[in-house]
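Before I ask anything, let me first share the structure, which is written out below as structure tokens.
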Amino acid sequence: MDFLNAIVALSNFVLIPAIAYGSQLALGALGVTLIYGILRFSNFAHGDTMAFGSMVTVLVTWWFQSMGISFGPLPTALLALPFGILGCMALVLITDRAVYRFYREQKAKPVILVIVSMGVMFILNGVVRFIIGPDDQRFADGERFIISARDFKEMTGLSEGLAIKTTQGITVVVAVVAVVLLFWFLNRTRTGKSMRAYSDNEDLALLSGINPERVVMYTWLIVAALATVAGTLYGLDKSFKPFVYFQLLLPIFAAAIVGGLGSPLGAIAGGFVIAFSEVTITYAWKKVLVYLLPDALEPSGLVQLLSTDYKFAVSFVILLIVLLFRPTGLFRGKSV
Amino acid sequence: MIAVENLHKHFGGFHAVDGASLEIAEGSITGLIGPNGAGKTTLFNVIAGVLPPTSGRVTMAGEDITGLPPHQLFHKGLLRTFQIAHEFGSMSCRENLMMVPAAQSGETLWNTWFGRKRIAEEERALRAKADEVLEFLTIEHLADQQAGQISGGQKKLLELGRTMMVDAKIVFLDEVGAGVNRTLLNTIGDAIIRLNKERGYTFVVIEHDMDFIGRLCDPVICMAEGKVLAKGSLDEIKANEHVIEAYLGTGLKNKDKIDA
Amino acid sequence: ADDIKMGVAAAFTGPLESLAPPIARGAELAIEEANASGLLLGGITVSPVRADTTCIDSAAATAAVERLVTGDKVVGVMGPMCSGATTAVLQNVAVPNGIVMISPSATSPALTDIEDNGLFFRTAPSDARQGAVMAQIILDHGIKSVAVTYTNNDYGKGLSSAFETSYKAAGGTVTLTSAHEDGKADYSAEVGALASAGGDALVVVGYVDQGGSGMVQSALDSGAFDTFVFPDGMVGSALVERFGSDIDGSFGQNPAAAGEGRGLFNDMATKAGFDGTSAFAGEAYDGAALMLLAMQAAGSSDPSVYKTKIMDVANAPGEMILPGEIGKALQILADGGEVDYVGAAAVEFIEPGESAGTYREITIEGGEIKVVGYR
Amino acid sequence: MSGGYENRSNKDATITNTVGKGEFDPHPGTGHPMDTAEAFLVGDSMTGGYGKGPDILHDCTLSVNPGEIAVIVGPNGAGKSTAMKAVFGMLDLRQGSVRLDGEDITNLSPQDRVVRGMGFVPQNNNIFTSLTVEENLEMGAFIRRDDFRETLAQIYDLFPILKDKRRQAAGELSGGQRQQVAVGRALMTQPKVLMLDEPTAGVSPIVMDELFDRIIEVSRTGIPILMVEQNARQALEIADRGYVLVQGANAYTGTGKQLLADPDVRKSFLGG
Amino acid sequence: MSTTLKNTLLFALVGALILLTGVMQSWNSALLILNMGLISAIMAIGVNLQWGFAGLFNVGVMGFVALGGLAVVLVSEPPVTEAWAAGGMRIVLGLLLGAATVVAAVLVNTRMPAGRLRVAVMIAVLIGGFFLYRGVFDPGVDAVEQVNAAASGFLGGLGLPVLLAWPAGGLLAAGAAWLIGKTALGLRSDYLAIATLGIAEIIIAVMKNEDWLARGVKNVVGLPRPLPFEIDLQNDPGFVERAVSLGIDPVTASTLYVKLGYSVLFLVVLLVLLWMAQMALKSPWGRMMRAIRDNEVAAEAMGKDVTRRHLHVFVLGSAICGIAGAMMTTLDGQLTPGSYQPLRFTFLVWVMVIVGGSGNNLGAVLGGFLIWLLWVQVEPIGLFLMQVMTSGLAEDSALRAHMLDSAAHMRLFTMGLILLLVLRFSPRGLIPEK
């Protein structure tokens, strides 16, 4: 019993949150890694692209909700998601035309594109806030939990609860599906291979008859879809707030890089590395140990390695250590 | 001069250099030939410190130099060129050459602020030297051109030019001839012979052009599949069945086209 | 009529960007009211000028307020919001230029003793006092052991340590004090550690539209805590909008006095089209109002003259002034009378120019904030 | 590897003409030696340079007919590669035109030329380093809709080493192996006309022979081949047309045999 | 147009914009922008040294700037004697023990033969050392933080003149950079970027949470200044007299006087650093660095010790950022660790370098001035844009109200817009590398 309690406590406070958060980061990192892998720059506007896509989803969700449309136990937002994706696709295509294409034709260095993407980020930042404002927005509905802590306790009679949120479930599933699809697409399909070829050597791709503008367009479309899905799922799980999407950028980049830039599998692995190092290292093991150890050995302190003040610091230390051993990330990423 | 003992270099499960042992005699111009993928460049890279060996030992004049970083080997007088040109693309061709000499006083920050006179003098001499090399390579008109924007063969020349900027003990040339015009290559061959004769440089030359090898090199070492296949004078090598089978071949099958 | 300008400095962009608009609107509401009365200094009008102090970039804040003061020539500044920016602006702009500055929300105890040349006031009380009040309220609920999480800035740190000191002194136990950063993506680590430490309630010293809510959300979702204690930064309509009856039984306090001040202000705000319950909106109204009344009392809009009058109009003796009564107050002052400004946040200034701090105690019942009493 | 973030191989801003814009109206043939006007592929009186830089090509004309091999030789920096790029539309021509099968293609973008059946192996950066050998070859067949497995098998026959290394990233190959991949990629296109810039640089004698053999075979199937070679003597032996370029202009033109026999040409350009 | 002329014009333009600020807003604002512009230009020189010269993608600028700020507190604040008495020595001892542990671990690693024993000893040393360190260190910290927590609660500094803090900031940043460089410089491009970004976050985390050091998020305010306080000037009859005789109101005169004083100090620093950077860039040293940036493998083969050179520039560039950070904290008069955000302190500096023209010192300096000016002025510009756009709308239209309400968000929007416009017209930066 005590053993079960210990496991449940650990799952509830460490494993499940870390897996869900890891998947959220991974979904974001997939978009970043794809842009990096194919268009060869670190896209600072990704966080705000996520915010934009989710914003459209939120607006459509509200509209659906006001019309009384719902999706049973699942959040209505899932129904609105396709609209969000379309909106986001339109946005990225317009940005590409208006902004990035010019630098592509100039063959500008990647760092220029990075700074340009910061310009785009600033603009999106303003646009999103202009449309929906800077505040927290709630749009989640449907069944909040697959199983809530209270239900779990009642069901099992354990003294520890285990909560799994619907959104956590969806996120994990979507992240896995997305990475499998993306991996298959890039490595097995003609279009996918042509995208990799383009990223490798633009001029030679041209000589093979690959149309660069098309490759770029596909890339943006996929990225828009990924960004919107990631943003919406994150918003459902926590809440939609434009500022947070900017803040998400940092862990997302960290995930993409530690996994190996350009590698979809790396993005997933990276997401989990970051999430787990944030959640586990600063965990106070007291609760778990109380169940596991005989009374006499019960810890008096919290058995916490480091205070949570340092959780970011710790996750970056882990990132550094990983990079010192694998200088281009877990999955041998690109380095332009 | 250089002795390689039972050298191995593995990439994953692939043995690019697989127990090669060879010696380069001081003052020689040694030719290194072998089929594509024989491990010649990899051997160079290991000797020059670009790649760490999986096992084995490299000595230079009796001193163990295995795994020393390239910049230290440079200071010991070991120079090399790259098969795939490694120019400094955003710098002018002249700068590509002027950067080479070691111990330039202008490379110390302190001197850039407080020793500017000395730097100016050094620079003048360096510049003259670089221009001389460029002229020899027939690319003096490219002195101020960005090295990223010259032709493929010109890049190879520049690659060679860098080794001519300083006094060396041993120079490894990795297919300097590929992509270089044959008439010019002959001139380069003459220069190599002269440097060898007059200054006593040792050369190791990878090349697929047998005429060029023939003019310069003795002995010739033939590698295949990471091992030394044969060593001797070019005529001996040319007569070696294994070498013919693996490397030289027996000429065009479509002879008729030529004869027609 | 002679036009004068008043600066409204708030963090319109940055981590507290969602708190800023109601704060600015609060201040502007007071100004509009004074203008509408036509009584200020014989009928001059005041126009508000906004400036973005970003909360986190003190250099940008300094530059923005510098522009207000030396460029727009404002006669006083309502703001900035965050203690950090406030300190920078005070030292680098307000004091050198002799400009009166009233912050609605900078609550760091360090501001109490800052060298200000009599120019700085705040309508929010110092966190030192709130800590003591909160400790008492928690103990009165019979809760002897709590975990604390605070937003990692001077406000969070100051308030939580003030609280911890009082609470421990009064016999309570704090199982773990853990900081959280605002605007981050995930708070499971913090909640995990706090849950492990245990405690009968979680004290959330944070902002309602920031990490504070994130912490509550995460704690609720994982079932780590179900009773929360909310200080001022958390008490706002956004709290119950977001969590509804999930947090029933939780309680807290925020600065406000007995009387209808807060309610009146909320109604006015609703009419003006913004959320008056948003944190520090009322304080901002009060800040602007005080400045205007002080000018009237001094008969001058020169900061070096009216700065001395702010304490007078804020405190007794005089007629009590509630939100919406700025016109009346101006009239009284014009007639040579005295006022005791109460306003939305029950302003009562103590030396050296900050709110004494009356707090109302609230609980959450049936998904709504209920006022239980005042201390 | 090189230069960190800045340096993306192959990012030479001046050489790609993605949209295929030409600055001047093409003008018809100017009657250079040999029957250029009617040839299958003609780069006619081309003048142009990189970006806004000086002219590299001066009224340079190249042509090749079905079944023929045309070889371009010349000193380093003569403009051979530039001429090839110009024919392939990777350079804005300031004057002159390019015609394929009688049709003016001066204003076509390179990828459109690929669709028209032109295949090109550039001198540098001619493989996708991060793709596997097999993927490199597949990319050669990108525009093909039919089953290209047979061609793939042929390529592996021709260059057996590539078959062993099919799953390896092409960037990890030896210099000569890379060159084989590059040529293989172009052959995969099954082009109507094949352009090779120094295909034999760095390949071993045995492979070079194979390669020349293969080139002869290809040309026998009626496909015109235009190539630049520094292994000029071997190349000219099999050439139907030979061009000597010097400083961006045609210096000598003739059949391969004629050029080989010309003592001036031999001495100055073929290494005696 | 010759480049010199073009560059002069560009600088003149930025100068004119600052003057325009003076005329349209106030001279105080203009000088403030100038002063921060000078500091920004110095930071930009530091980043340009690393990126433009050597191709090192350092995205940890914020950390070094913050360390510079920390140096100001450590150098110029008076020491808190009670705190030292309460636990200062314990803290010092604890830190020494911590350092000793690391040294011991490194020694074990280098001196002992590889194998299981080494790993075991290593772990033992690390764990033992950690507990020892915490055991000595933690009580000291508690004691120090107890001393008048609200107003002090830290060890204070050395009480030296604040100007000394500038070189000290450089040294502190250089020291940190050396440690970081030793471990992380093997990483390439974006991997180095995220590593440095992470290290900067770690530095900030330490500064935020170690209250004994510099009060953490409670901030240190009222730092000493190298120049007199305005108030004192206003109370100095001599000064007032001179101001009046010049026809300036004493308050304005005092504020301008102090700001001008800072301008002169900053300008001196900038000019010295700029001169040094220019000389270095134009010399064989610069050539060598460009070679390394272009092709590390070849540079290494040509005898250049790439690792060492990278470490040098990394340390130098970071030191410059540290100096700038110290200057900025001096100007602010306070250290607020919570306000160090990557967007403002790292990426904005990068924008300066790239927009100005990376690889070119003058470009970086120009970018520093221009981008800072914009960063401050986009707020009024954005507001103005909104007003122009709404001027056509009916007074009571909801859209108009909404637009005016959102005006604050036009700040970043405008910043983005201008950034894109500038980069559109000079994609390689305003003053590109030749």
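Letters A, B, C, D and E name the chains as they come in the text, with residue numbers starting at 1 for each one.
In this section, a residue touches a chain if its C-beta (ideal position, glycine included) is under 8 Å from a C-beta of that chain, and two chains touch if they have at least 3 such contacts.
Bear in mind that the values here come from a model prediction, so they are computed numbers and not experimental data.
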Greatest separation from chain A - chain, by CA centre: B
Distance-maximising chain from chain D - centres being C-alpha averages: C
Length of the line joining the C-alpha centres of chain B and chain C, rounded to whole Å: 74
Intercentroid distance (Cα basis), chain D paired with chain B, Å: 27
Approximate Å spacing (C-alpha centroids) for the pair chain A, chain D: 45
Centre-to-centre distance between chain E and chain D (centres being mean Cα positions), rounded to whole Å: 53
Residues of chain C touching at least two other chains: 17, 152, 179
Junction residues of chain E - those touching two or more other chains: 57, 188-190, 208-209, 293-295, 297-298, 409, 411-412
Shared interface positions of chain D, touching two or more other chains: 2-7, 12
Contact footprint of chain C on chain E as seen in their complex: 24-29, 32-33, 36, 149-151, 208-209, 216-219, 221-222, 229-231, 234, 251-252, 254-255, 258, 328, 331-334, 336, 338-339, 341, 344, 375-376, 379-380, 383, 401, 405, 407-409, 411-412
In the complex, chain D residues that touch chain A: 4-13, 15-16, 18, 88, 90, 109-111, 114-115, 119-120, 122, 125-131, 135, 138-140, 142-143, 185, 189
In the complex, chain D residues that touch chain B: 2-3, 7, 12, 14, 50, 74-77, 80-82, 123-124, 161, 172-177, 179-180, 198, 201-210, 212-213, 216-217, 230-233, 237-238, 267-272
Complex interface listing, chain E residues touching chain B: 276, 279-280, 282-288, 290-291, 293-295, 297-306, 312, 316, 433
Parts of chain C lying in touch with chain E, wherever the complex brings them together: 12-13, 17, 20-21, 50-52, 56-60, 62-64, 66-67, 69-72, 83-85, 87-88, 91-92, 95-98, 108-110, 113-115, 117, 128, 152-154, 156-158, 161-162, 179, 273
